[in-house]
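There are two complexes below, and they share subunit A, which is joined by subunit B in the first and by subunit C in the second.
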Partner chain A sequence: MALKAKTSTRIGVTILGWGIALWLFFPIFWMILTSFKSEVQAISTPPKLFFMPTLSSYAEVFERANYWHFALNTVTVSVAATAIAIALAVPAAYSMAFMPSKRTRGTLLWMLSTRMLPPVGVLVPIYILARNTHLLDTCTGLAIVDMLTNLPIIVWMLYTFFREVPAPILEAGRMDGATRWQEMTMVLLPLALPGIASTALLSLILCWNEAFWSLNLTSSHAAPLTAFIASFSSPEGLFFGKLSAASTLAVAPILVFGWISQKQLVRGLTFGAVK
Partner chain B sequence: MQAVLEHSPPAGATARTTKRTGFLLLSPSVLILLVWSIVPLIMTLWYSLQNYNLVDPTLHGFAGIDNYWYLLTDPDFLHALLNTLVLVAGVLVISIGGATLLAVLYDQEFFGRGIARIMVISPFFIMPTVSALLWKNLMLHPIYGVYSAMMRAVGLTPIDWLARFPLMTVMMIVAWEWLPFAVLILLTAVQSLDGEQREAARMDGAGPIARFRYIILPHLGRAISVVVMIETIYLLTIFAEISVTTAGGPGVASTNLAYLIYSRALLQFDVGGASAGGVVAIVIANIVAIFLVRAVARNLEA
Partner chain C sequence: MATVELKNLRKTYLTEEIIKGISLSIEEHEFVVFVGPSGCGKSTLLRMIAGLEDITSGDLLIDGQRVNDVEPGKRGLAMVFQSYALYPHMNVYKNMEFGLKLSGMPEAERRAKIENVARTLQLEPYLNHKPGQLSGGQRQRVAIGRAIVRNPKVFLFDEPLSNLDAALRGQMRVELSALHRKLGATTIYVTHDQVEAMTMADKIVVLQKGVVEQIGSPLELYHHPRNLFVARFIGSPPMNFFSAIFQGGDAAGSSVQLRDGSTLYVPVTSPGLLPGTKVTVGIRPEHVELASSGPNSGVVEVIERLGAITLVHVRMPDGEIIVVQTDGAVLTDVNSPISLTLPPRNCHLFAPDGLAFEACHRHPLAA
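Moving on to the complex of A and B:
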């Protein structure tokens, strides 16, 4: 279609496509740019597009806070929460997709509705429970909470992927004497792997960016990158250079990860949705 | 055939085994979610009926429905409820409306489309605290923000967006985060559309608008349901963006339910009142969930 379109239309589409992309991306670009400015350059008016880049903001950020400590906590929590949630969700989604009962639909919707509870509604009890079980300010505690908050969405996504796998393929396996376990691990999982991968990707992104629980359930030992950012925000909002450097450090890993995996993410996310 | 015969006779027994296996596989997830949703709920219910303030230990004992009474007759509560609904509805409209158009735009071929697409979806990967700080300071700051500089450059007086239009500005920031997610989903849906079908419509003389209205839009139904479902779950509980940018203010102009409860619990140390708010928020979330689920479940099942 595009090949036959008039040249003027094509130029219009190109300009519009790039214009909107640049506009939406601009805040991120500006954050990265500002992170290489000195504090004086960062608040110059009018804002400078061209300047001598400096690493002074980064140096100060690293001096003030142990970035790697926070980053390691975030990675540990995100990976652990995602792995456990997937391990629990695969059998559940398998059961819903291939052994549906009258209550399957209701169960699924109920699961999703647990996710709609405002976390603040249960902040006090969760805090007290975490404290009494000595899980406050531990990666284990945060991973458990992240796992539980993401589990409903993971079950639902896996369910939509599994439904796309034709039941006869699984039945054929069973006829050949495969047990349920073999059927699940050897027939279903390889077929649904793209879906599982993209579910895991989405879960990783959501865990990485989760702010509410990580700010309220950790203080120092298990504090993740969201807490790292918070420590650079309120008292010195006007130190734009340091703020930008810290922000860039906090989002860079997941941003690059997202760029690399976006095709996979999309493929899985819409696998069930577009058919 | 033989295999089928071997397996089919004890139909009742097989069905029962299947049922039990299905139940066993499902139960771990159901159980922990049940505990996760019930235990804190009961504790919240319990606290909500108590006089419990962390800074005033003399005040304790059974409060009955006092906490609820204070909350429901508080004008702030109604305001926060309204703000919550406005935020959810506003961001949904912006992100789905915008993403539908953008999906069609980025479906066209043009120079550097791959890079442009990656730029468009990037905000989705940014953590809420960072995007809120970014917009508040680097973009919208009335003196040093880039947008303010742009307005001065064309002779306008910069606006302190977060002070003048707090709710709308928070909505725009949240929409900036969630629009890319909707684009991600809807773009793939548009691309999965049969090229021949579109070509045929074009041959039949359908203009671009007719093609959009009658070919593309109906095709997007299910993808839009997915977006509505996932986004609503997150939008009902927006917290970090408000906390970082306006702290719910000025007054309660940008306070949603989540933030109202937070400010009660952690800023005023009123555990009883906050718990009552939590219970009310949970009830409201469930009402929304019922409506939402009814509306989109049909599409999700298809």
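Moving on to the complex of A and C:
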């Protein structure tokens, strides 16, 4: 009897889990599905689940815009922003986690509070700053802004992961003659690697999909994939087939990358539990 | 091998003073144990010596050199942590190698050293294991090995055995003592285990609330505690205390009147104390003797039979409890009346400020 109840609970949980997963995945699924429809099929009511797939939307998208140009910009900006942010955040989080002062908590909260500011509120000053420093429509400019917007979250996440590393292990390193730098790179980083990897992955995803600043600070030269998608939405009215094809092309690389690295991600997110 | 000298060391966290001016000198080869109740600052003091905590004021000298501002790794110390603090991502060999590598020792020399130490500590079969694959005792050995290979001037231990079970702790205690005899390195060892302190130390430093209560050999602290705190802290089960009235003294002893009216002539000096002053008498449970009749009679309240010895808790007429440690085979029973004999030579007297009266004769083992 007890066993039976347990089995049914397990089935229930499984169904619920799949339900939530499908619900979360549905928009992506529908987007991919729509990208293989013709424009007519894409807007037909009721929506069609089964149809003759076509690559016409993809063909048109490739014809009209240089996908590789946008993709290269996105990769450049995301990787650069993430790499710089991690490089800056590791020492910051290290000092906050292992040499806290009475202001550490406050600093962390204050850093996070900058994320609560709506970006549009600082659009004009940042735009002017970018213009005056000739960083408008450059990958450098966009990478700097992306890096800065993500930095608080990255520091916060790394801080949380570093806090999981027992301080005596680092102190043992110091007793063994390690400098602060060696202590950080030879003891802390290997131990916190899963956490750093999942933080970097999150940062990559955030940069990859960042639209507000890319649309406002770039026009052509440094326009990333989000601008590529946007170029298929407004001007000529909505063509869902092409829009979906463009979106699918835009998210596909990061989706695949996330899938490959999901093992790392899960390990990172459950770091505390498996330590 | 090295000497360590602490000169009026102080440590303040924010506004709170944790270490309140500690002076101490540690000789070459000496095994010094810090004991004291939880939170008294033992670990903090050790970490100040290690260089893991800043010294707020005072001087720390190693081999006569002031090292207050020297990096921990350059002080020539090695530390064994309570939690072992092994590098989880390195195997046993690499754990021991880490410090040697940082110091720039050539590969061949490193290997020879590590293999030698691994042999001493019976760690040879585990050199390729990660710390996660080892038992608590083995991890402890690796932590000790990691300290030994660096050939430090001073070893620091912070409660290294407290995570081990009783049997292993006893075994490691003996091994550590043997190791100390073999290496002869100056050692500072923090513990709150009485047995470790008494058996391993050349010199015990009793701390309370950031100040030194007494420094001395184990038997010195046992036979001649400087004050009530040390008397209560050293010895297990703890010393019995009861109040008495000071009557007068001469060069050979002091007499006090106990609550039941009887007098006790204790061989301690009491210069300058006024007759009539309230004092405290202390006597260890193992020194009280049981008698079937006589003065100091009470009723047995609890009996703890530990096999070899028996602890008899006697309720005195004034309500105080006196614990007596006696033979394992004693036949006394709960609720039976019993009399106690307090041999004066084993009694301690404490003035109202808690300081012990000077004994007229030092114990031969605590000269």
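Rule of thumb we're sticking to: the second predicted complex is superposed on the first by the 238 of 275 C-alpha atoms of A that agree within 3 Å, B and C clash if a C-alpha of one lies under 4 Å from a C-alpha of the other, contacts with A are read in each partner's own complex, and residues count from 1 in each chain.
Rule of thumb we're sticking to: contacts are C-beta pairs under 8 Å (C-beta built on N, C-alpha and C of every residue); 3 or more make two chains touch, one makes a residue touch a chain.
The structure displayed is predicted, hence computed values, not measured ones.
Touch criterion met: A:Leu16 reaches subunit B, while subunit C stays clear of it. When the two structures are aligned on the shared chain, A:His221 is found in touch with neither subunit B nor subunit C.
Judged by the touch definition given at the top, the superposed model places A:Leu151 against subunit B, while subunit C stays out of reach. When both complexes are overlaid on chain A, the residue A:Lys48 reaches neither subunit B nor subunit C. In the superposition on chain A, A:Lys102 contacts subunit C only, with no contact to subunit B.
When both complexes are overlaid on chain A, the residue A:Arg131 reaches neither subunit B nor subunit C.
In the superposition on chain A, A:Met175 makes contact with both subunit B and subunit C.
When subunit A is checked against subunit B and against subunit C, the one touching more of its residues turns out to be B. Common to the subunit B and subunit C interfaces on subunit A are residues 174-175.
By the touch criterion given at the top, residues 14, 50-52, 71-74, 77-79, 81-83, 85-89, 98-99, 102-103, 146, 150 of subunit C touch subunit A in their complex. Partner subunit C is touched in their complex by these residues of subunit A: 102, 166, 168-169, 171-179, 182, 186-187, 190-191. Only residues 1-3, 5, 10, 13-14, 16-18, 20-22, 24-28, 30-31, 34, 42-43, 45-47, 88-89, 91-92, 94-96, 98-101, 105, 107, 109, 111-126, 128-129, 148, 151-153, 155, 160, 174-175, 180, 205, 208-209, 211-212, 215, 225-226, 229-230, 233, 237-238, 240, 243-244, 247, 250-251, 254-255, 257-259, 262, 265-267, 269-270, 272-275 of subunit A touch subunit B when the two sit together in their complex.
Per the touch definition, subunit B reaches subunit A in the complex via residues 3-4, 7, 18-19, 21-26, 28-30, 32-33, 36-37, 39-41, 43-44, 47, 102, 105-106, 108-113, 115-131, 133-139, 143-144, 146, 149, 152-153, 176, 179-180, 184-185, 187-189, 192, 195, 198-199, 202, 222-223, 225-226, 229-230, 232-233, 236-237, 239-240, 244, 257-259, 261-262, 265-266, 271, 274-275, 277-279, 281-282, 285-286, 288-290, 293, 297, 300-301.
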